[in-house]
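Some structures are shown below for you to check.
You will see two complexes here that share subunit A, one where it goes with subunit B and one where it goes with subunit C.
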Partner chain A sequence: MTPFSSPRVLRPSGEHSPVGGRLLTPVTAVLGLLGLVSLFILAVRLVYGLGAVTNINDGYTWGTWIVLDVMVGTAFACGGYAMTVLVYINNNWEYHPLVRPALLTSVFGYTLGGVAIFVDVGRYWNGWAVFHPAYAQPNSVMWEVALCITLYVGVMWLEFTPAILEKAGKIIWLRRTRKIMFILLAFAVLLPSMHQSGLGMVLVAFGDHIHPLWQTNYLPLLFLLTAIAMGFAVVVFESYLTSHGFRRPMETPLLANMSQVMVTLLVIFLCVRLGDVAARHQFHRALELNLQAFCFWCEVILFLAPLLMLMKPANRNRPRLLFYAALCLLQGGALYRLDAYLIGYEQVPGWHYFPSVPEILATLGLVSLEVLGFIVLSKVLPVLPAPHGVAHVNGR
Partner chain B sequence: MSITWGRESAARLGMSRREFLGFCTAMAASMGLSAVAGEAMAEAILAPRRPAVIWLALQECTGCTESMLRAEHPTLEKLILEIISLDYNEALMAGAGHQAEAARRASMAANHGKYVLVLEGAIPEKDGGIYCKIGGQTAKAMVLEAAAGAAAVIAIGSCASWGGMPSTPPNPTGCVGAPSIIKDKPVVTIPGCPPNPYNFLSTVVHFLTFGKLPELDHLGRPKFAYSRLIHENCERRAHFDNGRFAMEFGDAGHRAGYCLYRLGCKGPETYANCPSILFGDVGSGSWPVGTGHPCIGCTEQHVGFEKPIHALAALAGQTPPATYPRIVEEQGQGATLASAGVLVAVAAAAAGGGGMVMHNIGKREAESERDTRREEGK
Partner chain C sequence: MTSTRREFLRDTLVGGGSALAAGLLPAIASGRDNLPRIPTARGLLYDSTLCIGCKACMAACKQANDLPPEHTLAEPYWDTPLDLSGKTKTVIKMYRDGTAAVKDREVDGFAFIKASCMHCVDPSCVSVCPVSAMRKDPGSGIVTNNPDVCIGCRYCVAACPFKVPRFEYDTPFPRIKKCELCEHRMAKGHYAACAAVCPTGATLYGQVEDLLREAKRRLSLSPGEETRFPRGELGGADHDVRAHTARYVPQIYGESEMGGTQMIFLAGVPFAKLGYRPLPTRSYASVSETLQHSLYEGMVMPIAALAGLSFLAYRSRVNHTLLDEEDQPEPAGEQP
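Up next is the complex of A and B:
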């Protein structure tokens, strides 16, 4: 169908190229500044403790750093995971150009998720114990999540090395890396499957603390489904954002084809999600007049909207609708995780949580660093699809 | 009770029959014995033939004797002087010099194999034991001579028990306790500085009553008095368990009566019944910890007089955690104007950015549609 469907792409084919251009722009300057603020706040936390900067307390032990940076952040970073499954497992090589940028967003998303876990753990200086076999607790879902996420960060950086080697012109090393790449790819699928469902399992362990609209034994499946669906959505989102930001041609046809996977996933997710609530006879909870019920409906609408938008195949070729659908799906997935971990988290009366200003700024700064890293690396390294390839696809 | 209580008994003991029986019952209770034993004790005390006691004062401060004299229920010194025949005690006897020594030897000879030997003070061994001599005789020789004919040997005070204060490193006189000198018969040790008089008195009366010593631990201490940790029976224990400590003398916690562990209280490694029977018969709180001073561990060798008073005790059981949950936890605060404002600003910026991208995409979409239409129109 396209030149990329051939296995010949395994050699350095000029499939990707650096965007180039000045690194210091008003956008990168602002992002860097926000990042610096965040690093300062994190340093204060490491020295003076969590209480010095966050509003988390014994009633609400997980605030935005865990819920937004880790739970939502890693879901946003599932682009690499989703594309790896699509391209390498399902053997759809025409999407190969989209893998590398997706991987770059994932690398940063997960790395900063790892940083967020590290700074949110009370006694971070004991963190090494996670990797020490003598301290391993294989029955702990937290241990599984911690180990999988850290390993996955390492695997993704290795998976990303071809871009660096290509830039450096180390062809021999590039070939060597590609010989072992299949092992890395296997891990790159296994690890996120494990810990993304693990993030749901953590909530199962919360038991009665989670509102019945969210608490279910299907949480691992639901978390895995949202992770993959959000992974595809974030590829669409990132593609349009780079087209806009770097003034490149849009990749609509590729994305349009891919978006049918999103439709399938959304149908499965909504069936499981709503079917589960109904099967547990908890649907009346959604009809109550409170924040939880309101958020539940927001979620459903945010998942239903992209499904309705993309249901008609003709709509998938309309960039604005595609982008809007991806945006809705991302918001829905984010809200689902935020609801399950914070809004639906029930504590005895008297306890409150609302993120403090430094907490919000730290999260904002980490996301800024993520975006900054993406901009800088895609300007310097061959990450984004080379223009001629895209032109070819676009002009199809 | 079937004891014979006559006018002469009342005169001799200086108390009424009721008071006397109450005293005996209390003493039996302090040893964990039944009221029947109290009766047996009363009979033993009233027996006309009083056993001889030889009380040797060696390298000591006479604190133990002073402590015995301060036992006040009822006027104990009278009782001890008249229940037993105290044939030799340097602090209390009227005689002096060679006359006193002669009386001691005469009593030892007359009561050979029957008298009770009480030792007070450490026994120096360095340089041939010349650092403590009485009547030209070294303390060690005197002890060995007296122990030979004794029915029972009781070492009163920490000095006689293991060397006590004089043996504190570097131990200039090389002094030791009685158990290190007397090897051929058991030595009951009543350590403490000074020991509680009732621990001594109860041991003596137990011997007089039953003809044998009370059950002893591996250090020769009567189990009824030295089998329990001070820490386990301390009235301040609840403060320890709840993490309320006096951190320095005179601070708010000290004045509130908190646990003295962090001031160096040795209660957690010292076995004695101080918190249970107290001192001086003046009611609750009348023991070192009760008055606000950390226990110095005077009944334990290698603790009392050896560990610095401020040094933390070794804990046998639970150690206190470094931090404790507060009684009232901060329950978090809701949104403030600033935090809500920042959140709204971030959301607005994101929405604005998204809108801009959307507008741009829409424009390009329209352009490409126009191009397509133009191409079709051609």
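Up next is the complex of A and C:
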């Protein structure tokens, strides 16, 4: 409970409460330090150019800043998207306690993606051109993605305002925002559907630069499916970590129910993924002895494993198993995107790419800032499911 | 839980269904075709069998485009680029096999090949550029980059089927560099510098239609036959060069690859050996735009989806606004 809020306001949303406690801990200090390192690296990049800190080249012009921070990072940030679909669109209100933490990770994940794009783009000072009608180029998937991501970050912060208003005790405003919230929520589903599928569609124009195990017109669908599945997985992942980190009870029954959705999504994904490779008669490429084929099978295994783990309903009530299943799914989804963008990016011979140390440190630091932001805000704002709220929901 | 698992799954599938359907549609959508050739388009015909590897074109290109030399040898005295780069817009490469004894022969032979922008009829770089910085001139078909709006995202670098656009990684104010067919010289009545200096006519500038006709003429000659090879600008004032016809590979590379290009090649060695792989005739730009348009044409699908989502969100909100504001217990429908 915060000193500002009246019980009347808190009661309906009493399912969330701030964690409280000291902000400066060894964990937050380390995260902050890593964050500072990354900011320093980004400053060097701005002064000396991309080549000063990264290993990207004309053969692999998109390195880990784009592939990990944007392509994989925003997928990890799809918890807000997945929960919005489940709770507000699909009317499964019992999952409401899980929305806010998911949303908060999403906000930070996408903001990180935005920062990564900004520093990776060579001529950032021309960024306005994306939004200028005379230059906007709607045939470009990148244009669509850039627009949707920018709008979505705004929408998410707005979607998050109730937590801030609640904290500030602004009852009238809280009610007002609730009245129009449904429009915002519709955008909060449409925009990520568009740009997450768009992230897959970006690759279609690459043609035979992308290995046949990944190049397909189903890229948008596959990226969309991984986005939603990873969104649910990240909610499980995060619930497990926060309940351990903050010593709060875990919402296991909720997560157990939710993992049914993950199972369904995994089945659909694997059918489309494998069916597509087979339908294009490219399965023999998976039987070759090379890195691409190896990575393809790693993906398949990482998607199959959580499916097998969660198939048995009894297993879904075991927090640790749930956590491992979510972890596999997240790794599978991340690898799928990494493969499609980097491992499966076939090159004329002579080009090589492996991220440099500063390149990796910058990504690590940005992720640290993201985690730091999450910790700080969930200590200050009513974000995490309140322990009693959980009891209330579960006690039905 | 009152909702059975089946209902739960059904609900989830219906809820996510609208979004998923959007991803499935490309399979059934019809598409845009390759863009057509522009009748007034300009381009280059590079005949590998005429090229003597003198690299005069490379030097002229540097001069005409104000590009710095590139050093790859221990002694930094000569301009020695190995590939296109932020400092080099064209490069002559050599193919060699075995003893490399005979020119334009695949086995135990050698050959030259030029790399520079192909000025595709349906360019990927233009299709993918988010800010119209890559632009194809509707008259000349020349593909240029406008640095005043280019954001340096390098989508064009990654997507170009011929790996042409290059980026400057070693400066805080980098630019995309690629051959723009010396468009800036045309305003002054000149044409492509590389063609202008080519002593043998291996790099020939002209209207693409004429260049294609000239290429077909060469393919129709029998090997060893003496003929006149125009030099500089096809149909221009330059003198011709008399020479014997080489044994050509019966293919004009760029006639149909990727929907056609405005730089076309003739060679005596299979193009795949020269670094120009076989490519489909359907341009990647048209494949990608077909997919994009089938999802977003007229914004019909997104708007319909938005309406549907708003309705669902509103319906679901209404129940719970009551809960929020009236201190009511949970609505009966939701009570598990």
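As a convention for this text, the second predicted complex is superposed on the first by the 378 of 396 C-alpha atoms of A that agree within 3 Å, B and C clash if a C-alpha of one lies under 4 Å from a C-alpha of the other, contacts with A are read in each partner's own complex, and residues count from 1 in each chain.
FYI, a residue touches a chain if its C-beta (ideal position, glycine included) is under 8 Å from a C-beta of that chain, and two chains touch if they have at least 3 such contacts.
It should be emphasised that the depicted structure is a prediction, and the values quoted were computed from it without experimental measurement.
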Combined model on subunit A: subunit C and subunit B, fit or clash: clash
Partner chain(s) touched by A:157 [first = subunit B, second = subunit C, both, neither]: neither
Contacts of A:118 with subunit B and subunit C, given as first, second, both or neither: neither
Which of subunit B and subunit C A:56 touches, first, second, both or neither: both
Subunit B versus subunit C as contact partner of A:352, first or second or both or neither: first
Partner with the higher number of touched subunit A residues, subunit C or subunit B: C
Contacts of A:250 with subunit B and subunit C, given as first, second, both or neither: first
Which of subunit B and subunit C A:323 touches, first, second, both or neither: first
First (subunit B), second (subunit C), both or neither touched by A:360: first
Subunit A residues contacted in one complex by subunit B, in the other by subunit C: 56-59, 350
Complex contact set, residues of subunit A against subunit B: 55-60, 240-241, 243-244, 250, 318-320, 323-324, 327, 350-357, 359-361, 364
List of subunit B residues in touch with subunit A within their complex: 325, 329-336, 338-340, 342-343, 346, 354, 357-358, 360-362, 364-365
Parts of subunit A lying in touch with subunit C, wherever the complex brings them together: 8, 11-13, 46-52, 54, 56-59, 61-62, 85-94, 121-124, 126-127, 129-130, 132, 134-144, 146, 175, 178-179, 181-183, 185-187, 189-190, 193-194, 197, 201-202, 204-209, 217-218, 220-221, 224-225, 228, 257, 260-261, 264, 268, 345, 348, 350, 396
Residues of subunit C defined as touching subunit A within the complex: 1, 5, 8-9, 11-16, 19-20, 22-24, 26-27, 83-85, 124, 127-133, 147-155, 157-159, 161, 163, 166-175, 275, 277, 279-280, 284-285, 287-289, 291-293, 295-296, 302, 305-306, 309-310, 312-317, 319-321, 323-325, 327, 334-336
